[in-house]
Each structure stands twice: as structure tokens, then as C-alpha cells.
Amino acid sequence: MENKQDIFDPRPRKFIVWLFVVSSTIMFGGFTSYYLVFVASKGKGHGLVLPDAFIYSTFVIIASSITLMIASRCLRKSNFKTQRVMLWLSVILAVVFGFIQFSAWGNLVKTGATLVNNNAAISFIYIVSGLHLFHIIAGVGLIFNALAGSYKNIPLAKKEYRMEIASIFWHFIDILWIYLYVFLLLNR
Amino acid sequence: MAEHTHTNEEHEHGDHAGMDKGKILKVAGILTIITAIEFIIALWAIPGGHIPQHIGNYIYIALTLLKAFYIVAYFMHLKFEKLGLQLVLSLSFILIIYFIVLMLIEGHFIGVHMINH
Amino acid sequence: MDHKMIAKQFLITGIIMAVIAMFLSILFRIQLAWPDKSFPFLETFLGKWAEGGRIKSDFYLALVTIHGTIMVFFVLTAGLSGTFSNLLIPLQIGARDMASPFLNMLSYWFFFTACSIMMASFFIQTGPASAGWTVYPPLSALPQAIPGSGLGMTMWLISMVLFVASSLMGGINYVSTILNMRTKGMDLWKMPLTIWAFFLTAILGILSFPVLVAGVVLLIFDRSFGTSFYLSDIVMGTTILPNEGGSPILWQHLFWFLGHPEVYIVIMPAMGIASEVMAVNSRKPIFGYHAMVYSLIGITVLSFLVWGHHMFVTGMNPLLGGVFMVTTLIIAVPSAVKTFNWLATLWRGNIRFTPAMLFAIGLVSFFISGGLTGIWLGNASLDITLHDTYFVVAHFHLVMGSAAIFGMLAGVYHWFPKMFGRMMNPKLGYLHFWLTFVAAYLVFFPLHFLGLDGVPRRYYAFTEFEFMKKWLTVNVFVTWSAIVAALAQVAFLFNFFYSIFRGKIATQNPWEANTLEWTAPVEHLHGNWPGEIPTVYRWPYDYSKPGDEGDFIPQTVPFSQTMSSNLPHDFEGNPEAERIQLEWEAANPVIVDKV
Amino acid sequence: QSAAAAAMPAGPKPVDMGEVYKSVIFYGLIFLAVCLFISIIGRALKVYELSQEAQGKTLGINWDKINAMLFAFALIIGLYALYWEYTVHGAMILPAASSEHGKRIDTMFNITLILTTIVMVITHILLFGFAYIYKYSPKRKAYYYPHNNTIEKIWTIVPALVLTILVLMGFLTWRSIFYKTVDPNNKPIQIEVTSEQFKWSIRYPGADGIVGKKNYKLTTTSNLLGIDFTDINSRDDQMADEMVIPVGKPIKLILNSKDVIHSFYMPQFRVQLNTVPGMQTIFEFTPTETTKQMQEKLNDPTFKFLFYCAKICGGGHYNMQKDVRVVSESEYKDWLAKQKPYLNDDLRKEFNMPVLAPAPSVKGDSTKADSAAVKNKTLALNK
């Protein structure tokens, strides 16, 4: 509660990112509660063996979280070079993740579990993984923001702030994906 | 004259009486006992027909919740947080349970009344 | 763009949308009053939708739908929350601007785009969405079912997603600002009730709007891609649709999980504004400040538990009906606390009837009348006959279309000087209030009895049923009252726009209020205060404190300057200050003659 | 109409004096005239206040006083208007319930009405009364009274108690409506009602007392409801143009919709339940008065029971009604005997059944053939 609002204060904005995370969680909560009711009414879920691609993508996204963590650590030690490398690596992993998701959908379609389906639980898989992918795009945006911060000549506090919001959001979508994947596994 | 403003700051919780070794052991002990009871129920009481399946399930769920409470309260330090946070978290927890229960009941009901399954 | 500018943008957009929605209500009210007459001017306005001067039945529903949508979302959610949260949060807590001015601006432009898309849907071939503002599928999902469910519904849904994005950006910003950017001394229990109300409203929004998005996404997929989330076993005429397995009830759950908190999202800021306005103009502290806050919190929490009361007769499990009835009726308890605290605030006050004060009193009256009919509806067994009748229409117009709107108007009259640096004309304000107050009761009160006679809502005409014909004269009366109410708004609009340019120049603290915004200079500065942000020492409701010669003590006045009026209670937990106070009192025994 | 307009304090009377009055220009001119009038009054007030000021009396018009008076006035007029509404419009509402559970609802209704009216009147007397009494006076200072926990507790607990009464009674009423125990000696009569844009179809169960299965995939122009005649219970089902029900017998409504959600609304019996595609919703009630008795009671020979649609369902939503006749048990039997069965020769052919076979055929190989036919049909419909 300082009156020092005239200097750069990252706290309120970091808090904004957290609140975004909350509202996003709620949205997926809305989806999963739809799914729960639906499954309770049918007595069955999507009933599929989820494509292996989802396992790979899970590993990829965990890896990207780790690279991002290293990037943060490097920034704190003012090691901008490694930070940039790690950030680029995260972006690449994110792109790979996207590709794997697409191929997972391809596999699903091949087995006949298409989006348009009389089992809404199967359509549901596409919806949540698709919306999750939207979050990935937003997350990549934030990573680029951190990258730009790393290249630009701005105060360290701002660089750290950019890095930090990218990390918060990225770890969130990582956890979100794991949650969704486990949810889909458990509620066959 | 001295400027005396009054701020109603929450009285700080002195030192955060954390977990000493004895306490950790005690909580761990409680958790072990609960787990043991759970095992007994799952491996002996239910298969042996000493308690009916569904009652067993409820006891099981209750014990698991108790366990979760201990873990969250002691190992995740909730017990030592501000009262406000404790209330908010327990409230959200209760609400989430409320939703899940309502939604499962409703889902089942819709299922029963669907014409073509 | 700073927050004050964005507040003005929200307000003006909100007023434009309100005028449009009001105009739509007059159009469909004309249809209800004179279902068999033709009005050539309708054709002039509506073109092919009213050939021969009579509104088509599909289009009637479109009018009602868009009227409801605009009023609930664009006027009361964006217009009310958007305007006053943006204006007051930084000014009343002592911040230079919002946590993220950029997000704030984005929030406005999303809102603007949402409004534009909604209005654009009037100009497409198949007309705007017409499945009611609750857009229940399958009606909203099948273009074959009603023309409005074609492109118009797609635009409605897109507009809604943008609107939700806008509200979320706004709400997140408000919460972060309130929690992180309060000035020195402004702890939570020194915030004005307006801020509490905006804060809890924003939380409500953050926790409920995303669920609407989830629901809308599934509906969009059902409509545009052929999935079956909400659809099952449908035969249109003799065409058998392929969808199977979904349930339309699930949409209702998702929608009302937002929809019910939404109605409190629209009333809570109005309540906050009314509390503040009533305290200022009664020259009295708000009665039971803590109770007021706790009741707001109570309403916030409870509002998540009651969504099913809109679904008592939709084929939901009757067991849940019982549960929701209990939770619904419990909401009346915090509402009662609020009502009685307002009454107690007036008691032995010294009431100045500024236009804002009149509207605040009007809010209390409407909230009581409308809230009490809510008690009827909340009673599941009564709702069997009342659901989807004009009784519901009467209920929510009293509590939302009147009470919440009155809160908004009170806010506009009260903070106009802060926004535009000029005063509105109070006499036109009185005229506006009394006409609107009387006319709104005349419009909405008789509608209860239509509902009690079993007249359903969203009926294009009451001509097909023998028993409804006796209500035709009442409908004519209601329509005339609505026209009077609408014309009364001209007094407001004229006053508003005239005063922006030609009103009397405002003084810095025209209402002699305590809150922080009146310590900022009249002309707008970027950053609100020229030098340091003022420090806060006391709660905002020290009006007419005994021992003080004036009748208000702004929050920025330290206790050391008001020794004669300090109360022992002011020093709880600060023994040092208490000691100084006691010493002073011992030295000045005459002045210390307090109640 | 004149009564309505006369007793209301404001609001112009509806006039209909020919085309002139309908024109936009006419109303536009009236509006301008009113605006002019208001601005003249405004000017006059201004001049008056200025002249007062010039004479040294600083206080012009005391608007606080005027507004306070208006509140007092509004209270009196408002209370009278409330009374007027209750007695005049209140007399135009639905007659007392004609069903067993409806009587309970009516009791609930009366209790709620009384309680809310008391609260309404008291709070408004306080609100407007305080506004009048405590209007601004420069001589007075408001009473600094920030809180009082005892009062606060009272007005939390008293409403809570009142609500507890309402909740408990409401809960019991609700339970008695939706949780019925089946009396084996008085089994309810099943009636199926199917809604579609914008009409209702009624199906009576026939001799076996059970309405048979439906499958929407079987819908054709000759089988509009998609009745599954392979289900033996369907074969004797009867169709009806109106709903005729015997007095004093429990009726079990089985509701379903073909296209969008509609709502089966029969307010005289206090019955409403939505009809949802893909789902069956069920409402049970017992009528207590015949149409004739009602006509005598209300002294209105044209009175009839109705059910109609209360959920927005499209352009024809405002006209989706059917008549209901409550008759004595014997009349009901006579009427029922005259109703046509659904299963006609065309449908028999469609379902590969012998034309004009004795209705309830035996379960056996024929069913197998039928289901095969159904399968073909489904495939055909699915394209």
C-alpha cells in the first residue's frame, strides 16, 4: 500500500494473469461438469482408447515447462543468452505439441471417432483439446513477449515481469493439459 | 501532536508455529492408522461380508476425506494460514462437492428419462 | 486513455444501447396493446418485418430477445459496472489508474464490437436472434425452427463471446486494482460500499462468465458443425435429424449457472451506489457498514447455489428442485439485512433530496417490491403456475428493469460532476424521477396479475384465447404508461447532454461527501491527483459526527485534526492514540459533550 | 377499461378517434408541445427564484420540502393503488385450483401473499415515511448512529424465521406434488402428450392402460408420432382431439416433444412441465371438478379448461392450445370408446403386420419380423 504507483510495479499485473488463470480454470470446469453430467446420464463416457499421441504431447508440454523454468532461472542470473535459447526451445516444443495434437485428432478420425458424433463425449475430446490449443497460442504469444523483452534494452524488472507472466501462464496450461488428459483417461 | 492513525490491521499471528518433528510424526502416524483402517476395510471387511459394499464405500470416502484434510491442513500448511484463506478454501471445497453431487444426481435423472439410450 | 475516459465511453455507449432497447420495448408493447390494428410507421421503421404496419410474430420474438439481451448485458452489466467501476475504483481507493490501462481499453473496444455485432444482426436477411435472451436449444440451435436461429443467432453468440471477454478483462482488472493499488491507509474496512460492491461483482463475473463461454462454445458447435451436445431425438416436421444423445437441459444448467449470478451482477453495483448516495444525502453514516459488506458477501456466495430456480419445471430432477428452493429463499436474508439497513440509514437523517437521492430511494422501493415477488417464484410449488408467465416478467422488471436502472441513474446524477466537471439540472432531475418512478410502477405492477391469471410471456398476441381478452385494456394502459416512461427519459437525455456542455460548473465537492474522489481536482488529470496521492485515515461515513461543527469529515482528515469528535471506538487496537485522545479530553472537558 | 384508467393516478386514456391520432406527426407535435410547456414552467420557476433572491430571501423554492411531500403523497396513493390492484385486478385472476395438489398450492399462495403484503406495506411506510419526516432542515443535524448489533441481529433472525416457515411448507408441498406413492387400487390413467411446432398430439393408452414405446426414427407421414408398433403396448393406443379426463381419478401425464422445448401449461389445475425432445417428463394430478361444475360455480357457461404452451418455441408459440374436458367416469368411458386407434391399415402394412388382424397379437415370431422391418426402416431414414 505504497503511494509509489509512479514507479513500475509488477504486482497488480501479475495478479491479473493469475485471475485469468482462475477464469480459464472455471471455463474448463464448466466443460468438465458438462461431461460429468453427460456421462452420468449415459452411464458411459467416450469409451475410446485415447491415441498414444496424447501421451507424447503430454511429455512434450512437460518438457516445455522445464525449458521455461530454466529460462527463468537464467534470467535471474542475468544469463540472457541461455534464457533466449531456452525460450526459443519452448516455442519449438509448443509447436511440436500443436502438431502432435493435430496428429492425435487425425488418429481419432481414422478410428471413426469424429467430431460430429452421436456420442457427445467424443466430440467433447475435440472441444477441450482444441480450446486448450487456443491457450497454447496465447501462451506462445506471452513467450514471444518475454523474448522481445530479453532482446530489447529495458530495465531488468520489466524483463523479469515479462518472463514471469509467461511462466505463470505456461505452467498453467501445462497443468491444465495434464488435468484434461487424466480426466479423459479416468472418465472413459 | 503525534499523528495517530489507527489501522485495523489483523493482529499478526505472531510466529507461524510451524511443524516440529514431533508433530510431523504424529500427523504421519494418524495418516498411517487411517490408511491401515482403509486397507482392513478394503481387503477384509468388504470381501468377508462384514460390512455391506455401499456402506463400506461411504466409510472409505469419509476416511479418504479425513486423510486429505490432514494432508492439506498440516503438510500444506493451511492450518497456519490466515483465517480468511482457510474459510475461502474450505468454502470452495464444499461448493465443489455440492456441484459434483448435484450434477451427478441430475445426470442420472436425465439418463433415466431419456427415451432412447 | 485513462480510466475516466473509458468510464465515459462505457456510459455513453450504455445510454445509446439503453435508448435502443427502450425503443424496441415500445415497439413490441404497441403490438401487445393493439394486436389487430396496423401502424404504418412500424413499416417505416422495420420494413419487411412489419409489412402492412403489423409486426410479424417471428419478429416480435426477435424484438423481445434483443430487448432483453441489450438491457441485461449491454446496459446493466457493461453500462453500469463498466462505467462506475472504471470511474470510481481508482478514484475512491486512491490509485493513479487501473492495474492495466491497456486491458481496460481493450475491454471497452470488445464491448463496443459486441454491441455493433448485436445491432448489425438487425440488418441481415433472416433477422436477429429470436429464441429469448436465454437462447434455449433446440430452438436456438435449429435454423429450421425459427428464422432468427440462422445467421442472427450466430451473431448473437459471437457478440456474447466478445461481451464476456470484455467483462472478464474488466472484472479481472477491477479485482487486481482493488487488491493491490489502494492508497496508504485504505484498508479493506475503510473502502466505501461502492468499492465493495464493485469488487464482489467483479469476482462474481470472473467465476461465472467463463461457464457461459463453455456453454456457448458447445452451442456453436451444435449449430455449425453438427455435434449433439444439446440435441437428441429431433424431428422437424417429418425430417429426422441425425443428432442423438445430448440433452437440452444441460444448456439450461450451464446458462443459469451464469444467468443467476448475472442478475446479482447487475443489482450489486446498483446497491453499492445506492448505499453511498444514501449515506451522503442523509448526512448520516450508512447503518451497519459491516453488516452491509457481509450481506453482499452472503449474496455473492449464495448466488452460486440457486441457479436451478429457473428450472423448477423444465424436467429437472424434483429432488434438486427442493434443494434449490431452500437455497433461493435463503437469499432473502442478506437482502433483508440490506433493506433494513437502508431504512435505518434514513431514520433520523437530514435528507437532502438531490436527484441521485430520489433515485436511490426509488431503488429501495423497487427492490422490496420485486424481491418479494421473487419469494413467490422461489417457492417451487408456486412456480409451477407462475413459471414463464407475466408474473416473472413483472418480477424481474421491478427488481432489474427498475431497481438496478434506478441505481444506475442515481450514479449518473451523483457522479456527473466528477465525470464532466459540470452539474446536471436538478429540477429536470426531479421531473425525470417522479415521472419514471410512477410510470414504472404503472407499467410493471399490473403485469403480476396477468401472470396470476396464467398469461404466458413471449406471446405475440393475446387474441387467440378467450380468457386473455379481458386483459387487453390493461395492456393498453400498460403500453401508454411505458410510452410515458420512455418519454420521461427524454428529460434525462436532454439534461445529460445539455449539461455536458452548458451545465453549471461544478465545485470540487458539490455534495459535501467524504470519499476520496472528491479530493481530486475538478478538471481531469492523468493520474487523478496532481501531487502525492492523499492518505486515508478514517472510514468514509463520518457524517454529522457529534462534536464536529461541520456535518462531514473527509477520509483524508487525520484524527489529530478532529479531536473534539473522536470516539473511543475509533482507536480500538491503538493504545498510543487512545492515550493521546484521553489526555486531550481531560484537558478540554467542555467540548467533549457527546451523545 | 375506464375503471382501469380512472383509478390510476397517471397515464393518458387510450383514445381512438380515427386516423389522425395514429400519425407520427400528431404525437410528435403533442410531444413538442409538452416539452415547450415544461420549459416554460422551468423558466417561470427560474424567474420566481431570481426574484426571490433579488428581494433578499435567499431560499427560493424549497425543493426538499416539495419532494418530501411528494413522497408522503406517493405513499398514500401507492397504498390505495395497491388495495385497488388487489381487489380489481386481483379479482380477475385464475379461479381456485381444480385439482388436489392445486389446493395445496393455493394454500401456499395465500400464506405467501399475506406475508409478503405485510412486509411490503410496512417497509414502504417506513421508507416513504422516513423520507417525509427527516427531510433536510438547516437547523438540524443528523443522528450519528453507525450500528447496533442487537437490531441487526433481530432483522436477520426474524426474516430468517419467516423464511423457514415458507421453506418448510414449500418443501412439503413440493414433495407431495412430485413424490407420489402409487396406490395399486387407484392406478393413474396414463395420457401421453407430444408437442411440436405448433400443435399438441394426445395419445390414450387403450385397453391395456399403457402407452407404448416411441422411436423418433420411425416418424413418417403416416406415423407422425413415431410410434413403435412392434411394442405390443402400442397397438391399442388411441388418438384424441381433446383431452377428456374423468373427475377424481389420478392422471399421469407423459410429456415429450418432437422438435423444440415446449411447456405443457394447464394453470387451472396448477400443472406445468416442459416437454423436452429426447426425454420424458412426467406430471401426476387429480382433477376435482368437472367442466360442468366449474361452469356453474363461475356462472359462466362458456368456461372451459385449457392447456397451452408456455415456453418460447417459435412464431406460433402464442397459439398452441387444446381443450380439456373433465367429465364423470361414465361419460369418460363412453367418450373413450369412440376414439380411433392409431394403428390403421397403412401402418400395419408399413410394419409388415397382417391387415385387420385382431389387435393384441401374440408375442412370438411376428415380433422378430417386425423388428427386422424396423431395422430396414431406420436404415432408410438415416440415408
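Going in written order, the chains are labelled A, B, C and D, and every chain counts its residues from 1.
By our rule, contacts are C-beta pairs under 8 Å (C-beta built on N, C-alpha and C of every residue); 3 or more make two chains touch, one makes a residue touch a chain.
Just so we're clear, the structure is a prediction, and the values are computed from it rather than from any experiment.
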Chain whose Cα centroid lies nearest the overall Cα centroid: C
Remotest chain, chain B as reference, centres from CA atoms: D
Pair with more cross-chain C-beta pairs in contact, given A-B and C-D: C-D
For chain C paired with chain D, centre-to-centre distance based on mean C-alpha positions, whole Å: 26
Inter-centroid spacing, chain D versus chain A (mean Cα positions, whole Å): 48
Chain A and chain C: spacing of chain centres that average the CA atoms, whole Å: 35
Chain A: positions in contact with at least two other chains: 37-38, 41-42
Multi-chain contact sites of chain D, meaning residues that touch two or more partners: 216, 278-279, 281
Contacts with two or more other chains, residues of chain C listed in rising order: 185, 187, 232-233, 242, 244, 246-247, 249-250, 253, 315, 535
Interchain contacts (touch definition) - all pairs: A-B, A-C, B-C, B-D, C-D
Residues of chain D that touch chain C when the two form their complex: 1, 4-5, 8-12, 14, 22-24, 31, 34-35, 38, 42, 45, 63-64, 66-68, 70-71, 74, 78, 81, 85, 89-90, 92-94, 104-105, 108-109, 112, 116, 119-120, 123-124, 126-128, 130-131, 134-137, 140-148, 151-152, 155-156, 159-160, 163, 166-167, 170-171, 173-175, 177-179, 196-197, 216-217, 219-221, 224, 226, 258-261, 263, 265, 267-268, 270-274, 276-279, 281, 302, 306, 308-319, 321, 381-382
Partner chain A, residues of chain B touching it in the complex: 99-100, 103-104, 106-111, 114, 117
Contact set on chain B toward chain C in their complex: 1-9, 11, 91, 95, 98, 102-103, 105-106, 109-110, 113-116
Touch list for chain D against partner chain B, complex: 214-216, 256, 278-282
Chain C - residues contacting chain A, complex: 94-96, 99-100, 103, 168, 172-173, 175-177, 179-187, 206-211, 213-215, 217-218, 221, 225-229, 242-247, 250, 253-254, 257, 527, 532-533, 535
